[in-house]
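In the two assemblies presented below, subunit A is common to both, partnered first by subunit B and then by subunit C.
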Partner chain A sequence: MLRFAAARARQTAIVAIIVTSLAFFLVHAAPGDPFSTIDTSVESAAARAEMRVRYGLDRPLYQQYPAMLMNFARGEFGTSFSQSRPVSAVLAEVIPDTLLLMLPALTFGVLLGVALGTWQGARAGSSADRGWSTVTLGVLSVPEFLIALIAATLFAVRLGWFPATGMLRIGATHSSFADLLGDYLHHAALPVATLTLTIACAVARFQRTAVIGARSEEFVRTARAKGATDRRIIMTHVLRRTAASLCAILGLLFPALIGGAAIVEDVFAWPGAGHTLVAAVSSRDYPLVIALVTVGSIAVCVGSALADAAAAWVSPSGAVDA
Partner chain B sequence: MQAARRWWMATAVLGAMACGAVADKTAVIAIGADGDALIPLLWTQTQARTYTELMFDKLAEIGAGQNTLGDAGYQPRLASSWTWSKDSLSIAFHLDPRAHWHDGRAVTARDVRFAFQLYSDPKTGASGGRDFAMAVDSVSVGDSLTATVWFKRRTAEQFHSVAYSMIPLPEHLLGMVPHDSMRSSAFATHPVGNGPFKFGAWEKSRSLELVANEAYHRGRPKLNRVVFTIGNAQAAVRAVLAGDADFYERFTLEDMTEAARTPDVKVMTVPIYVYGVLEFNMRSLDGKAAHPLFGDAGVRRALTMAVDRPSLAKNVLDSLARPALGPFTRTQWTSDTTLRQIPFDTLAANTLLDSLGWKRGGGGMRAKAGRALAFSIVVSSSSRPLARYSELLQQSFARVGAKVTVDLGDQKALIDHVVPHTFDAALLTWTASPSPSGARELWGSVSLAKQGAQNAGNWSNQTWDTQVDSALAALSATEVRAHFRKAYQAAVDDAPAIWLYEPLLVPAMSTRLLTGPIPSDAWWQSIPSWDVTSAPKRPAGGAPSSAKKP
Partner chain C sequence: MTQASRAGRRTGIAAAVVLAIIVGIALIGPTSFGRSASDSGDLRTDRLSPPSAAHPFGTDASSRDVMARVVQGTRVSLGIAVLSVGILFVIGVAWGGLSGLAPAAADRWMMRLVDALLATPRLLIVLAVVAFTGRLAAPALALLLGLTGWAQMSRVVRARVREVRASDHVVAARALGTPALSLFLRHILPEVAPTAFVMAILAAAAVVPLEASLSFIGASVAPPTASWGVLLRDATDHPTDAWWLLLFPSVVIATTVMCVNMLGERLQPRDRNFLAR
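Now for the complex of A and B:
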């Protein structure tokens, strides 16, 4: 296990360096200057020049790049141009908010997806199975931002059941933790439901296929021959068999989940990392963009490693492939 | 007697309910982006200007007539009155003795002088500071409540240039801060102002909270709190429609349709100081020679004739825009709606291009001496109307044999083209102000020596320059108008741009919000007089504080 962890840590470090480097050169290659404005008075030009010196942008890229890598290695992400404060402070604020969106969505999405996929797999070929397959395929074929927009328009704007934006009531003072939690749940309902829906549909399709495959295997026939009920076979044998492939699929889904969360955050103005990344890109906030992309890539690597470890743990062979 | 008592009780209960309903006098205002520095002279974004102008008072506020000539219509703010010298080369501003900074210190004449020192010092980096220093010689302090501004010369707008553009700052808090460090000072994130609202809290890129200044010398604002919620434009629209926010200043045509279906939301239209143009670049991309197409006024006029501006404005913005008439807006007091316009006439455009030697070839496109009548238009994708305009212009120009490619990028990419003048034609919106003087920099030769977006198209016209200079030196409204009329006509005739449209601002708000008229120059100016009539759909509740997280 230690060897597995060490190998994955090495992989993560390599991926982080590659992604950070790509992000660095891509943001610098994008047209537009972080401090450019349409106001081009002499004073503004001087202020812009001073800002470029302050943030080291006056130096050539071949000097900026190694300096940035060294700083990142020390955990120093620099200062956000657009927010005039350390990038680490921005990250400390936005990452928990993203987790407050992603973790519930991941949990509900996986539970719902596994339940639906298993239920479909046990009734493969039935009209109910075909109906749900059409539904899940339909949902997955619709872009996430469109689902988010439809949800916001229908449930927030038209019906007024939920807020359309934000994570908490603006400027609110919460009288108790229950009040705070209720406020969060009210605001999180739509974005979490949007993400949950897409995760659940993706997981359901994988799970359905895995269950159908497992049900045709010998151990199921043996269990059935021994008189086990269908319910027991599914709950005891089939689910255990499909758990490993499910974990692997979750590892693959993780990058898409992060991308989807960014889109959903932007639509619902959820103040997380994705929403911040979109704003940082449009304002050419180089340090913040690079830091968020790097953190995102590390999260994907770690998530993937955890999924692989979980797959190995639940796999009957128990083998861990670094 | 019993009936009277019942009436009294019913009234009391209703009154209590009403009081309870509006106890939370908080207005939540959605905005599309965050501001930068909270010091008046350093803002570069409108959002920061919005925040600061609610916390800092000017010496006097422009009146409803938006007149910038002399001091007619100006309303007292920090200055309760002012006295002109006999030669009009100085104005003594008499500060209101009731005016105090939010930390309790009195506003004094030294604060006015201190602001002048900051504005006129290039190290501060105040936008427009150099022009300000060119107009104002000095500020002297008579007594603690009298600041005299000395001008270098008499101009029609000398009062406006100080009263509207120079905001006094607290010397006792900023006096020790080096002028080149103002932007990074603690004051820039936690300002102490003197206006109707005090700084509350600022969660960068999330929200900014202002609280009513109970001791405001002109009377406490009606709202207890104003909270700006910061997101993107689409989220801001949905926030108002869903009742999360009370106000957003910029609904689009499509948003208005949705607002019409929402009973709790009302919209209004406000004429503003913005106009959209297709600006031609007179110089080649390397800047060394005249532009092969737009260096010729005939080509510019022919292309202008190819565009049906009223139809395009109707097509893109329906009733939310009027065709522009020149380098000004109708809201400016020097505007002139009687100028002789270049008419929409495709036949005349074709004839003119023929006469200039641009002959139609294969595919109907024109060419002259081996050079195609082809150019690109740069446009920002963040402006849906302008992106739509680019498509329609492409079609209009194709009808007269000009091939146009559209270069769509984000706002930063557009600035990358406009500031170094590396474009053929650019779809731009310019924001003017009540003062017509800004047109001098925006379209005049005076900007050509400077590197920047002012006069983006490198247009140079002697009539324009001399008439605008004469207008700005004139002292009577009649003279100013007459000179500007000649300048505007020169611009229309020479066609450095196609004057496309003047948009209307479409603020949308909750029906519980009472705003009164929205000023054309700055929608936020009337916030101190805003009120709410009922509890918000989603009450914020409680005293001002930052939101906590679970």
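Now for the complex of A and C:
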């Protein structure tokens, strides 16, 4: 297990370096830089050149790139243009808020998705199964932000059941922990529900396929010959079998999930990393953008590695395959 | 043929027909309906008017006809999708083919790059680039989406090439001394092509929502070009008083992507779960 962990950590590091390099070189291959849109009638060309020097953008790429990697490795992300404070301070503030959104959504989404997918897989081909397949495909065909937008319009603006934006009441002092928790839950309901819905539908589609595959395997025939009930076959034999591929699929879902969650955060003005990223892009706050993209990519790499480790751990054969 | 597969065939055909209609309308364009996507009507009387005979999808805050805007948006969004899928198709097939034929060590490194790309949140990379350049022209955006999206294609193509490479006719052709390039183009590619086309359809189903998300947050094509996401962004300015601004573009996006997904699913061989590889 230790060897597996070491190999996987090395792989994750390689992937993380490739991802940050990709971000860096794509960004620099594109024309322009953060200061090329500064209005020269207000700021002189000299001021622009000075800004380039200050942020090291005048140096050749082969010098900028290692400098950036070294700084990132030391946890130095520079200073945010738009917030005029260290990027690391911004990160420390927004990442916990993003986790407060992602973790519940991921938990509920996976649980609901596995339940629905297994239920469908157990009665594959029936009209109920086909109906639910259409529903899940329909949900996945709509961009997440659109679901968020419809939810906000319907339940927040029209019906007024939930607040449309934010994580806590603005300027509120909470008398007790229960009050704080209630406030958070009230605000989190819509964004968490939106993300849960898309995660659940994606997971359900994979789980359904996996259950159908596992049901035709020989160990299921053996269990049936032994006289095990359908319920017991699904709950103990089939679910055990599909757990590993489920973990692997979760690893593949992370990249799309992080991107989609960023936009959902923005729709609900949730004070997390995604909302901050969108604001940073429109204000061309390039140190903050690069830092958030890097952190997001590393989060995906770590998430995939954890998913792979979980897949190895739950695999019935116990195969640990780096 | 079982009842289920006959039903699957019918939905596949229905999806293709609906898609053809949407693409056809987009190709003809809004002007042939006697409408313009950019002309404003009378700002006093036509502003934010609900759907009527004159404006079946209503008008927006600048008195523009929403139906014409949706048709125009379909042109832009589908154009970007087709171009970017074309780019990722070429790169993905070339990279996957090379990797499938390469010796084991080269193959391993080529696939490691693919793994890295698969682990990359595409939306974040595109956002990073847009932060640097400002809004892009539609072809530049398509190029960017193509460059960041070929990993899945190349992975599936590589797996298929490895399978086909071991089949008897390829081994025979190789034994006869067929040069590597023509071995790939004439003996391997024809067998890989159906798989690659299904992957292209699935890639299109992924890129449309991605582009919509980008233009929704203002990181996509520069105005006055309006893609689907731009229309939805405009709709957020009027959450209570103009439901038609949100409804019609949403229905068109959802219908299009769902049809593409259904088509991809229908054409996908039953025994293959591409993403699980």
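Just so we're on the same page, the second predicted complex is superposed on the first by the 278 of 322 C-alpha atoms of A that agree within 3 Å, B and C clash if a C-alpha of one lies under 4 Å from a C-alpha of the other, contacts with A are read in each partner's own complex, and residues count from 1 in each chain.
The criterion applied here is as follows: contacts are C-beta pairs under 8 Å (C-beta built on N, C-alpha and C of every residue); 3 or more make two chains touch, one makes a residue touch a chain.
What you are looking at is a predicted structure, and each value in this text was computed from that prediction instead of being measured.
Contacts of A:73 after superposition on the shared chain: neither subunit B nor subunit C is touched.
In the superposed model, A:300 lies in contact with subunit C only, and not with subunit B.
Contacts of A:100 after superposition on the shared chain: subunit B is touched, whereas subunit C is not. In the superposition on chain A, contact is made by A:152 with both subunit B and subunit C. Judged by the touch definition given at the top, the superposed model places A:235 against neither subunit B nor subunit C. Applying the stated contact rule after C-alpha superposition, one finds that A:83 touches subunit B and leaves subunit C untouched.
Within the superposed three-chain model, A:269 lies in touch with subunit B and out of touch with subunit C [touch as defined at top].
Contacts of A:174 after superposition: subunit B is touched, whereas subunit C is not reached. Look at A:13: by the touch rule set out above, it reaches neither subunit B nor subunit C.
Annotation: subunit A residues 30-33, 37, 152-153, 157-158, 266, 278, 282, 284 touch subunit B in one complex and subunit C in the other.
Put simply, subunit A touches subunit C in their complex at residues 14-15, 18-19, 22-23, 26-28, 30-34, 37, 125, 130, 137-138, 140-146, 149-150, 152-153, 157-158, 206, 209-210, 213, 245, 248-249, 252, 254-256, 258-260, 262-263, 266, 277-278, 280-282, 284-286, 289-290, 292-293, 296-297, 300-301, 304.
The residues of subunit C lying in touch with subunit A in their complex are 4, 7, 112-113, 115-125, 127-134, 144, 147-148, 205-206, 209-210, 212-213, 216-219, 229, 232, 235-236, 239-240, 246, 250, 253-254, 257-258, 261-262, 265, 273, 275-276.
Within the complex formed with subunit B, the subunit A residues making contact are 30-33, 36-47, 50, 82-85, 90, 96-97, 100, 152-153, 156-158, 160, 162-175, 177, 180-181, 184, 266-269, 271, 275-276, 278-279, 282-284. By the touch rule above, subunit B contacts subunit A in their complex via residues 26, 28, 30, 33-34, 36, 44, 122, 124-131, 180, 183-184, 189, 204-207, 209, 225, 227, 229, 231-232, 234-236, 238-239, 241-245, 258, 261-262, 409-413, 415-416, 418-419, 450-454, 537-545, 547-550.
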